[in-house]
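In order of appearance the chains are A, B, C, D and E, and numbering begins at 1 in each one.
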Amino acid sequence: MTAVKTEAKAVVPPVDDEELAAGRASRPRGKRRLGPGKPIPLAFLIGPLLLLGVWAWGSAAGWIDDRVLTAPWTVVTTAWERWESGKLGPDLLVSTQRFALGLLFGVLAGLVLALVSGLSRWGEAIVDGPVQIKRSIPNLALLPLLLLWFGIDERMKIITIALGVLIPIYIHTHNGLRSIDGRYAELAETLRLKPAAFIGRVVLPGALPGFLLGMRFAVTSAWLSLVVVEQVNATSGIGYMMLLAGTYGQTDVIIVGLVLYALLGLASDAIVRLIQRRALTWRRTLED
Amino acid sequence: MTAVKTEAKAVVPPVDDEELAAGRASRPRGKRRLGPGKPIPLAFLIGPLLLLGVWAWGSAAGWIDDRVLTAPWTVVTTAWERWESGKLGPDLLVSTQRFALGLLFGVLAGLVLALVSGLSRWGEAIVDGPVQIKRSIPNLALLPLLLLWFGIDERMKIITIALGVLIPIYIHTHNGLRSIDGRYAELAETLRLKPAAFIGRVVLPGALPGFLLGMRFAVTSAWLSLVVVEQVNATSGIGYMMLLAGTYGQTDVIIVGLVLYALLGLASDAIVRLIQRRALTWRRTLED
Amino acid sequence: EEDGGPVLAADADLPTTVPEGTKLVIGDPSQQVAFELSGLASLLTFDVEWANISGGPKSAEAFRAKSLDISSVADIPPIHTNWTGLPTKIVAAAGRIDPLQHPIYDLGIAPGVDVASLEDLAGKRIAYSPGQAQGALILRVLDAAGLTQDDVELVELPSTADTYSNALAGGEVDVAPIGGTQVKSYVNKYGSDGATTIPHGLRDDPWVLYAPVEVLEDADKAAAIAEYVRLWGAAKLWTRANRDEWINAWYVEHEGLSVEDGEYLHDREGEPDFPENWDETIARHQETIEIVAEGTGNEVLDAEDLYDRRFEPLVAEGIAEYGDGGAS
Amino acid sequence: MAPHTGGLTTGAAVRISGLHRSFTDDRPVLSGLDLQIGQGEFVALLGRSGSGKSTLLRALAGLDQDATGTGDIEVPEQVSVVFQDSRLLPWQRVLRNVVLGLTGPGAVQRGKDALAEVGLAGRERAWPRELSGGEQQRVALARSLVREPELLLADEPFGALDALTRIKMHGLLRALYERHRPAVLLVTHDVDEAIVLADRVLVLDHGVVKTERRIDLDGTRDPSDPRFAAVRTELLAALGLAGGVEIKQEES
Amino acid sequence: MAPHTGGLTTGAAVRISGLHRSFTDDRPVLSGLDLQIGQGEFVALLGRSGSGKSTLLRALAGLDQDATGTGDIEVPEQVSVVFQDSRLLPWQRVLRNVVLGLTGPGAVQRGKDALAEVGLAGRERAWPRELSGGEQQRVALARSLVREPELLLADEPFGALDALTRIKMHGLLRALYERHRPAVLLVTHDVDEAIVLADRVLVLDHGVVKTERRIDLDGTRDPSDPRFAAVRTELLAALGLAGGVEIKQEES
């Protein structure tokens, strides 16, 4: 039997091997057999890099048709050229602004609606149906109505993004809130918590995991909304850039746009996951 | 003081009122002060009906422009005409088939990926990035690539729907799985559960709430994918119907489509929520 | 929307002055650049708001939303708007000199498919996007080739981005209408595989300005539209006369193309033609209507009703006054 | 069956009459329970596992929406509950859990003092999951110490504590009791604890209060006192242990 | 400091040497603990709340990834743990919780029998949240009864039980012990319980085993036996209670 020293300072020497046969085992400290195990450093890069590798290799080897999926290096060159010529920067900036404003308003609205609907059955009766309907109908088909109500300028774009963001925030926060263990509500009741304290100390922190998952969907949804809103009366933005490249069939620019979307999506998602990890230290889950 | 009888059979008569002044109260059984309170019967109808009411009233009163948002009765007539003329029925049937197949494959793939990525760090490193990238990229922009890889026939449509369904299933199941209380993993470990038993008894049931929330997004996403896939080599389906109506600007048909989407979305969502309620009886949450 | 001006009957004369404070939202992006560069924009006496909206579906949506007053499209969208309860009228019409030499679209032929003339289309799979200009073109091409929809296989496919090039190259369809730079890049990319294009031999050059009847009934806006239409042709001519400046400002700066692509497109476009008399234009439009109506199962409209002939002389007047020299 | 407190206290803080509660159709948990607790009276509740002690407490706290039943309940406005599980909010640090719902400038200081009293000074910023079982229970106790309820319902608040800590906590509970004189209903499995702390001990059985014993030992309550032992024997018998604590080790 | 079991059993089932564990930098929980448990030996572990009993058990079960530290641990392959919280899977019904991970045709029947033994016959299909605190604890106990571990680690398995039920459960645990003769490490706060059940009682203090007492009472272990009382007094003293259980009620 080999006694596994959990660290170097072990005092007692390993015991003889016979006992191993007796079916005994020594356990290294805290090694999990089930569950995902210890995080791999920088693991989140592996998948995307692998994908990039396949793409690069396929392009180089020729079994990815460059005419359909431009090679990575061409994409980098194209992106760099557009950046140099001062086209990409402003597009990104404008899109980021729309993203940020839409996200802000969408998150606020989603949170308020989720609280109203989560904490009152009447609120739910009124709010929930319309939100479900909104999320069931295609954004593209909604555009004419949005145009009508909010015009064709910036306001309409931000409202449309916000409406897209609102959905996952609402659903996840509502679901998170309703999933809070009833025992904590009992506790709050016996402590005679005021509604404000109940919301601040029990409901919001309890719904936080749900909300943060919603945020992960909200950020990508906000970027994706750009594709739709920047089709309308936009003269800049990455959605517009892709639209334009589409009409002229500039495959390389389209792929630049896709890569940009991927990067923005990955980055926003990573930020939310970082916040998730920070904000949920009170939990000990399979993740840890 | 009024003693509240918790039911009719109460034995002891109410006590005199003086004691009320002494700051005492009698509690009715189980009435919650905090939290959402008792469900309202048929509450889920209230919001949509309200919306319908506003729509009908606005159309009748004339402040909703009939050319932008067709009046409800016109929509009903149009829908009926299309149904009568045998156009709507087949469209619905074809779309429903695509929906069902796409949903099936998407859910299976999403589950498998979530398990692989949730239970192994290496699995996560490889699977997670590509899935995040997929969800960051606009479906519409992906269409040319999907065309290229899967052709333009039925297969490509179902794969595209499945890819859309996969995302919420994967993310939610993965998140739900990783959110399982670490104490249950410890338990599983000390009970020396085999991996299969661990997955079947701990992981899947523990991730079920997350999975079901994912399903709510998956069903709507599957319907919405129809808008994109039925643009390609389709001659029927409600997405195709909307597309056609959109390019021709047939407002009334578009609205029929939107209403159809809303109904299908609401119905699918309601079914998932029913399953949710059934499958999660072991919980006592704010919902109950 | 802000308060409209006085009501103008459809047959009343166009007002000649534009009242103070009249505003027009114009969806005509390339003309915006032309107006601004040529200085013609400074001659407009009303408040102009340029919207980056063009093409049939988007302009119709914006018309419905009352966010747009006038827009520039091909000849198909006005037909559809009138079919779908959004009455519009054409207030300016243009074409190309030598249109068959300067088509907007060509027919892309997939590698390995043997199509040399329109007659060869029989039995082929053809990409068809109903409602879009390319879709209407296909219907007209079939008509010209003496084929019906049953003689070919129409594959419904949206013509977004380079979908058609990809569908051709991937062998999903045999024939697809492709336009603009796509023609060039398609042959460049897949020519080595045997990809070709053939001309369809039809006029696809009609280009119009159209506006909702509702807008034209507003006397103030009608006056503003008249003013815009008057300068419209002159602005277009200016772009032809100032080739390099135009290519740089529009294709390169605005649309993000290379100079080379810009030149290609500019030359492909050919010289514009602004008919002083619309009779012939309307007659050709009538033919188009009939073919499209048959293909889509709609009633046949009278093309005459689509045009507001009060505006007929205006473009020529403008060209007479300003030529291709802009405002200078 | 239904015991009534005599004139010891000026009025009843808790009155329960004819309380029926059941979760399933076949087997009621409480079946016609009557109970009065005087103002400022300290009552201990004994009973077999599953006899309905927690159900009774939850009914008093108004938390029995899972159950069906009838009966009248009167309780004071200010009720404080120590749950059988310590029920700390996992997402609030220990101090926040203690001062939950308290307002006013002194709240945090009072919370810190209460934590110090239960022997957890310096652990204010720990997360609940970082505490040992007994420590969690003491935080729950601290949470009820910083409040001034008219009725304190405590469901086995000392179950996870060792002998010494338990005695200290007894002292704290008594101190709280002396300070504000709330009515107390304490569920415990430790008969000695019940005798040491309470004015009256009840034994719950088959849904009603089967046995009731006023503790009239004076001053110091010493388990080695024969009168103490007599009470203990009596209560253990009521709990079904005929001859006191006895076990034959080799019996099985 | 480090106690070694004599030749009572043939070999050591558990060997711990120089075990250090700490969660925070400043205060180690275990600091150089040495311990051997013989095969088939029944050891009880006493200690103040927060003294590190659960930490030690978790280290033996290999569940201490939260902690840092050094030391050698050897345990048998088959270890069964009764956690301090009963730790039932909330999404599995009671019977499923008991037979979790068991395979073979007899598993379900064995689970039912075990449930019946802990007095929960008929509750097989209840959800864990529908059980009283003591019932949950008994399910956790039943879960360990249906297994045949070489080492049983039990963290206060009887804490929420009343006196009679507790005695019954003692009997069950002894029966399991007699049947398979696993090594047992039982954490408890009840000194009498430790003396009644164990071969040896340890007191954990300041991170090491401070006191160790072999229980050599023969046959029936009767708390009223003066030798029993002597052991009790000795252990209580080790726990910091000089004169046995004593409390001045009016003191505060």
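We take it that contacts are C-beta pairs under 8 Å (C-beta built on N, C-alpha and C of every residue); 3 or more make two chains touch, one makes a residue touch a chain.
Chain-to-protein mapping (UniProt): A, B = Sulfonate transport system permease protein; D, E = Sulfonate transport system ATP-binding protein.
The structure displayed is predicted, hence computed values, not measured ones.
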item	value
If a chain touches chain B and chain C alike, it appears here	A
Which two chains share the largest set of C-beta contact pairs	A-B
Most distant chain from chain E by Cα centroid	C
Cα-centroid distance, chain A relative to chain E, in whole angstrom	45
Centre-of-Cα separation between chain E and chain B, whole angstrom	47
Rounded Å distance, chain C centre to chain D centre (Cα mean)	84
Interchain centroid distance [CA atoms averaged], chain D/chain E, Å	25
Chain B, residues touching no fewer than two other chains	32, 65, 68, 140-141, 144, 148, 183, 188-189, 193, 202, 246, 251, 283-284
Chain D residues counted as touching two or more neighbouring chains	61-63, 78, 85
Where chain C touches two or more other chains at once, by residue number	61, 64-65, 160-162, 166
Complex interface listing, chain D residues touching chain E	23, 46-50, 53-54, 84-85, 130-135, 138, 155-156, 159-167, 170-171, 174-175, 178, 189, 191-192, 196-197, 219-224, 236, 239-241, 244-252
Residues of chain A touching chain C in the complex	65, 67-68, 82, 87, 143-144, 147-148, 151-152, 231-235, 241, 244-251, 253-254
Residues of chain C defined as touching chain B within the complex	56-57, 60-61, 64-65, 80-81, 83-86, 129-132, 155-158, 160-163, 166-167, 170, 172-173, 296
Interfacial residue positions of chain C with respect to chain A in the complex	27, 51-53, 58, 61-62, 64-68, 160-162, 165-166, 169, 180-182, 185-186, 189-190, 255-257, 261
Touching residues on chain E, where the partner in the complex is chain B	61-63, 78-81, 83, 85, 87, 89-92, 96, 100-101, 127-129, 143, 147
